[in-house]
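Note that the chains are named A, B, C and D in the order they appear, and that numbering of residues resets to 1 at the start of each chain.
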Amino acid sequence: MDFEYTEEQKMVRRNVRAFLDKEVEPHIKEFDKQPFTHDQLVEWRRKLEPIGFGAMDFTAMAGQQGVDPITNAIVGEEVFGCWVGVAAAIGLAGAASMVAFGSDKMRARLGDRFKAGELIGCGGLTEPNAGSDNRAMTTRAVLNGDHYVINGTKTWVSNAQISDMVMLLCKDENDQLTQILIDKEESPYETGVLHKLGWRACPIGELYFDNCRVPKENNLMNIFSELMSSGNVEQDMVKRGLPPDTMTRMGHMFARGPLGLLAYARTGIGQAGVGISSRATEAAISYAKERVQFGRPIASRQLIQNMITEMVFITESCRLLVYRTVIALDKATPDFRMLSSLVKAYVAEATVNVTSMALQVHGANGLSEDLPLERYFRDARTFTIPDGTTEINKLVAGKELLGVSAYV
Amino acid sequence: MDFEYTEEQKMVRRSVREFLDKEVEPAIKEGDKRAFTHDELVDWRKKLIPIGFGSQDFTSMAGHEDSDPITSAIIYEEVFGCWGGLAAAIYLAGAASLVAFGSDNLRARLGDHLRSGGLIGCGALTEPGAGSDNRAMTTKAVLNGDHYIINGTKTWVSNAPIADVVMLLCKDDNDQFTQILVDREESPFETSELHKLGWRACPIGEVYFDNCRVPKENNVFLMFSEMMASGQVEQELEKRGLPKDTLTRMGEMFARGPLGALSYARTTIGHFGVGISSRATDAAISYAKERVQFGQKDLSSRGGRRPTWRSQTPGDKRASLAWTN
Amino acid sequence: MDFEYTEEQKMVRRNVRAFLDKEVEPHIKEFDKQPFTHDQLVEWRRKLEPIGFGAMDFTAMAGQQGVDPITNAIVGEEVFGCWVGVAAAIGLAGAASMVAFGSDKMRARLGDRFKAGELIGCGGLTEPNAGSDNRAMTTRAVLNGDHYVINGTKTWVSNAQISDMVMLLCKDENDQLTQILIDKEESPYETGVLHKLGWRACPIGELYFDNCRVPKENNLMNIFSELMSSGNVEQDMVKRGLPPDTMTRMGHMFARGPLGLLAYARTGIGQAGVGISSRATEAAISYAKERVQFGRPIASRQLIQNMITEMVFITESCRLLVYRTVIALDKATPDFRMLSSLVKAYVAEATVNVTSMALQVHGANGLSEDLPLERYFRDARTFTIPDGTTEINKLVAGKELLGVSAYV
Amino acid sequence: MDFEYTEEQKMVRRSVREFLDKEVEPAIKEGDKRAFTHDELVDWRKKLIPIGFGSQDFTSMAGHEDSDPITSAIIYEEVFGCWGGLAAAIYLAGAASLVAFGSDNLRARLGDHLRSGGLIGCGALTEPGAGSDNRAMTTKAVLNGDHYIINGTKTWVSNAPIADVVMLLCKDDNDQFTQILVDREESPFETSELHKLGWRACPIGEVYFDNCRVPKENNVFLMFSEMMASGQVEQELEKRGLPKDTLTRMGEMFARGPLGALSYARTTIGHFGVGISSRATDAAISYAKERVQFGQKDLSSRGGRRPTWRSQTPGDKRASLAWTN
């Protein structure tokens, strides 16, 4: 066991932090008021590419290729800790990377824009009446000749209203879950906007499919099974401009069905939580040392030290558990599902607690939009819902730990 | 001991809740996007005075708009629970009620406004360097002839941007706390707005005093001590249209020094908490009863139907903590 | 960074657990009713020596020599998790190892018994009116010719009533803190017994010094300064049967004054907490899977999974922070003092929470003395007091984090 | 609403607290080391009955030893807060009060004991496999002629080891819940003691029914239905020395089935919590005011002085939550 960062990891954190402080921080206040437009998000994605965040690699959710998972976690902590709005929007736009698996026609139509980083993707999972319970989904794709005809509504979809394409999870004629890629230009769909507590810069909305026609060949499940049975997967990958071992890596991510990807997303929220908690704690420490009341810095008061030591304890113990999870995911150890849900549930809640205390240390200034504390708090509070609420993730972890489900 | 509401108290809650559901609730979504203007707040106050909230009686600061404190608590719970931003703005505007104790000049100029509910007050206490530690205040009022010259900055003042009158807590020449009523028209000062996490509709901001000249007679301590010393307290009160027991009631509020009124404000935050928690719990109960996940109800029958919790007002009576008490 | 145990570490945990289950567990119920007698404790110490716990090396508190700190932590977790009473009594008896630094005379008198593992030591720090505030100590050693004359009372001293010797912290004539070794046979003192909530097997009591005469040469501070200035430390160590690098290792432990040793003790409490939490959580998981109510195991109930996932989250995140602290201590990184107090404060409190939930999962059986849950809970609750209360450790950590003291 | 104690309630608290401080407190340290014997518990009960705790009125289970529920709450808070083990043992012994409703035979044999406070009861509900899930109970009473034959094991029964009478909840031939009074002398059964974390003085144990024969007339449901059907309820009650409104009051307690009485027991745990928290907080306040660390007081003057918190009874009045209310 070893708890030290390598010199390179320390350098990555330093560089990323310096980049964010210089290039991003000064713009947050202006841009975190409204959801990004399509072009704004494309621009921000390009801006963050140099630090290795938001690369249009499909494995982006599982971290950059060839980069060790702790380094990825460090980058995730820093970017999310700096500005959740931009990090969430870019991260979730990564669904567009699925285009690389699309048909020749799709790749011909969208490949260039994808490579240029201009394609904004989104993932349609949640429905008004199907949140934690994905079996209750009613959005359906019915095959009609060589097209699917899709009907239904998806909600709480990040980037919905600025999306170029959708990775849709829905049911087929046989009531089986299936995944379909939808190119908005070819298969238009309507969208709506949702307004919310946090993640202000990240567009979140609804997708409305009203007899939306999508070519049969866009069924992602079919694409993958054909790829696997073709016998020349590695060549095919190279043809698509993907690394030869792509499918092996996909295997880890999807090892547990179409929702396997969630383990990455959930661990990502753990990283985000630790990143936000770190920033908030750092801010509280600085403020407490500077703010003088009753003749001494408030840092010298026991009730302030009570909050700050608790914030440090929570942040540092969560950080280590997130790292352990990140490595478990990378190695696909048997406990990765349990750990990723444990981290999603408890680190997200812990982050609400830490950001709330950090705000409190700042007094009225903690409420002010001139300082980032109120944003940290709103963004942290938001994290306890997506990618499985705290409650459903406790039940996912509980099932892994106890061998019995308590969902119903 | 007795933990039951009287029939009258229950009726007050019911009618206040109905009023709020009908007259206030529909306006919140738009109204809470930005801070009130002066006239918007005056309109809202006039609308709420009939249900017992926001009267310009100075004792409104003590949450005693009704003679029975539990009835007052009920009204406060309901209004704060309905719309925190609105309730806070109106409640804190009540600082203007001190004008009734002011000089003939002040009353002549502002009295009508005050009585009609058109006067917005604010209480300026916090300074950038003086929060919990009020002894660190640096805003100072220096007597110069028959005027104070005031210099300093107050921050996190509710209603500052739209206030007509400031009840200012500051220090005098001798570094003693003093309280001065500042009439914005007569003694102009600048203000700015602060943007913040909650209470979106309630304007909060800073007040800048830059050699601001205020008549000496606006010193609140003086007003009261002169009235006391005059030997004609009752006549004075009558002249000002105030009830005879006013000073006794004031005495209770200020019994613990110029910051004594804070005990009332702090208790009001308690009403706020209870009111908003009650509304939030009602909403959670409704939603939890309606929301189906992992079966338990026939989903097929629900397709396309808009869940009731989307359209319902938060005060849905079907599951109300307040009613069950 | 690396979060995996080595094969050897896993084997150590397995072996230690198997040993404890076989040799110790069956006897706890009988022996945890009363504080050990001197001979019982000697016997238990001998019994546990094979698994590397309780060796009479002065560095025992800092872990076994030559054994990596994580392995030490594993042994500590297991022994404390099994039975706090025996672990605490043996661990704190280790003060006797200071005899190796004593005068020729002392070593001649006590050396053999020490080597045979028969010498029970104790550390006299706390006084009735000097707990967290050691500057308030009133026990005083006044030099009179070639003897110190000591007067005062020490309380809450583990092993006090069965001790052969005391490592005493007190004040000298000049009101300076000093440390003196007291051989009970040579310098008799009276003792009293304290009765308490937990740690039932571990004797805790008071020491009464009433004109107790101790040879001047037993002043530990003098011994060390003479050793350091002698110019042949390594030979001296060998003469005393100690490893040549002993003083360098001592340096770490005492680097921050006579109370530096506390960082080890505090981290040890973190290890103990994680050990107890692990056992309690394991017990709750087993019980929840077995206990059937309303036709199904209670493991299938959401409120039970809520408790158990929280217990796992707390235990595993605390475990990693304790390991990080253990390594920080071993390497004497600048944050070891902060981390050891953070861990003492928050892991001890977390352990109370975990053991309380584990008890609750067991229903009435959790209250029963037939199962260990009530003992875990009592022992865990006890840990928030010794070696600095939760509160004083928050202030120690707070001072390190904020650069300003909030003690007074 | 009204949150004030009456003068009488305050006096009750004061006198109960004084009694406990004098008569009970000094005995706790020794007494709480092991569970009471039968005679010890009877002695304690007789000692406490005068202060309104532990009467053998069946309604003692409802915490209604005084006609005013707040006064009852005060007494319960004080006794439970003083010594949980004692209070729990006496409170739960109250199950014996059902003997007053028993057959002539039962009353003839146990009535005097009951009235003198000498009868220790217990309520047997929990089984090893039936905790929260009482439907899983397997203890069964099978009617055989004019006797029930009872088999099964009850666990975590307070007072089991020393009980004279058990109020048993079990199932009958038809798997329906039934309640039976078991007189240990007439229908012997074995018991054992369980050792546990708290409530050290209150004996808790298991009850083993091994073909235990109990007269049919001891069925509690029967007792009551026969009394109701007799058409002479008041006379029956008078014969038994019970107040006329007894059944009405019983009705309230059992309105929700055989487990209805649990609502009372659960509320009693609330009194326990408040009582013990109040004592603990009083102690913390006293200790915190007395304990000096890191200076703040002149330490030199304290040498050798025994701190007051060591000798003080927990009920020290100088800092009592209960009094300040």
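Please note the rule applied: a contact is a pair of C-beta atoms (placed from the backbone, for glycine too) under 8 Å apart; a residue touches a chain by one contact, two chains touch by 3 or more.
Keep in mind the model is a prediction, meaning the values are calculated, not measured.
Engineer: Following contacts chain by chain, what is the lowest number of steps it takes to reach chain D starting at chain A?
Structural biologist: Contact-graph shortest path, chain A to chain D, evaluates to 2.
Engineer: Among all chains, whose Cα centre is located farthest from the one for chain A?
Structural biologist: Farthest chain from chain A, going by C-alpha centroids: D.
Engineer: Please work out the Cα centroid separation of chain B and chain D, and write it as a whole number of Å.
Structural biologist: 50
Engineer: Hey, how far is the Cα centre of chain A from the one of chain C, in Å?
Structural biologist: Computed from C-alpha means, the inter-chain centre distance equals 44 Å.
Engineer: Nearest whole angstrom, what separates the Cα centre of chain B from the Cα centre of chain C?
Structural biologist: The answer is 56 Å.
Engineer: Are the chains arranged, by touching, as a line, ring, star, complete graph, or other?
Structural biologist: If you draw each chain as a dot and join those that touch, you get a single closed ring.
Engineer: Along chain D, where are the residues that touch chain B in the complex?
Structural biologist: For this pair, the touching residues of chain D are 1-5, 9, 70.
Engineer: Considering only the defined contacts, which chain D positions touch chain C in the complex?
Structural biologist: Interface residues on chain D, with respect to chain C: 126, 129-133, 135-136, 155-156, 194-198, 292-296, 299, 302-303, 307.
Engineer: List the residues on chain C that touch chain D in their complex, please.
Structural biologist: Going by the criterion above, the answer is residues 128-133, 135-136, 138, 292-295, 359, 363-364, 367-370, 374, 377-378, 407-408.
Engineer: Spell out the part of chain A that touches chain C in their complex, as residue ranges.
Structural biologist: Result: residues 1-6, 9, 70, 285, 288-289, 296-297, 299-302, 304-306, 308-310, 312-313, 316-318, 320-321, 323-324, 327, 342, 345-346, 391, 394-395, 397-399, 401-406 of chain A touch chain C.
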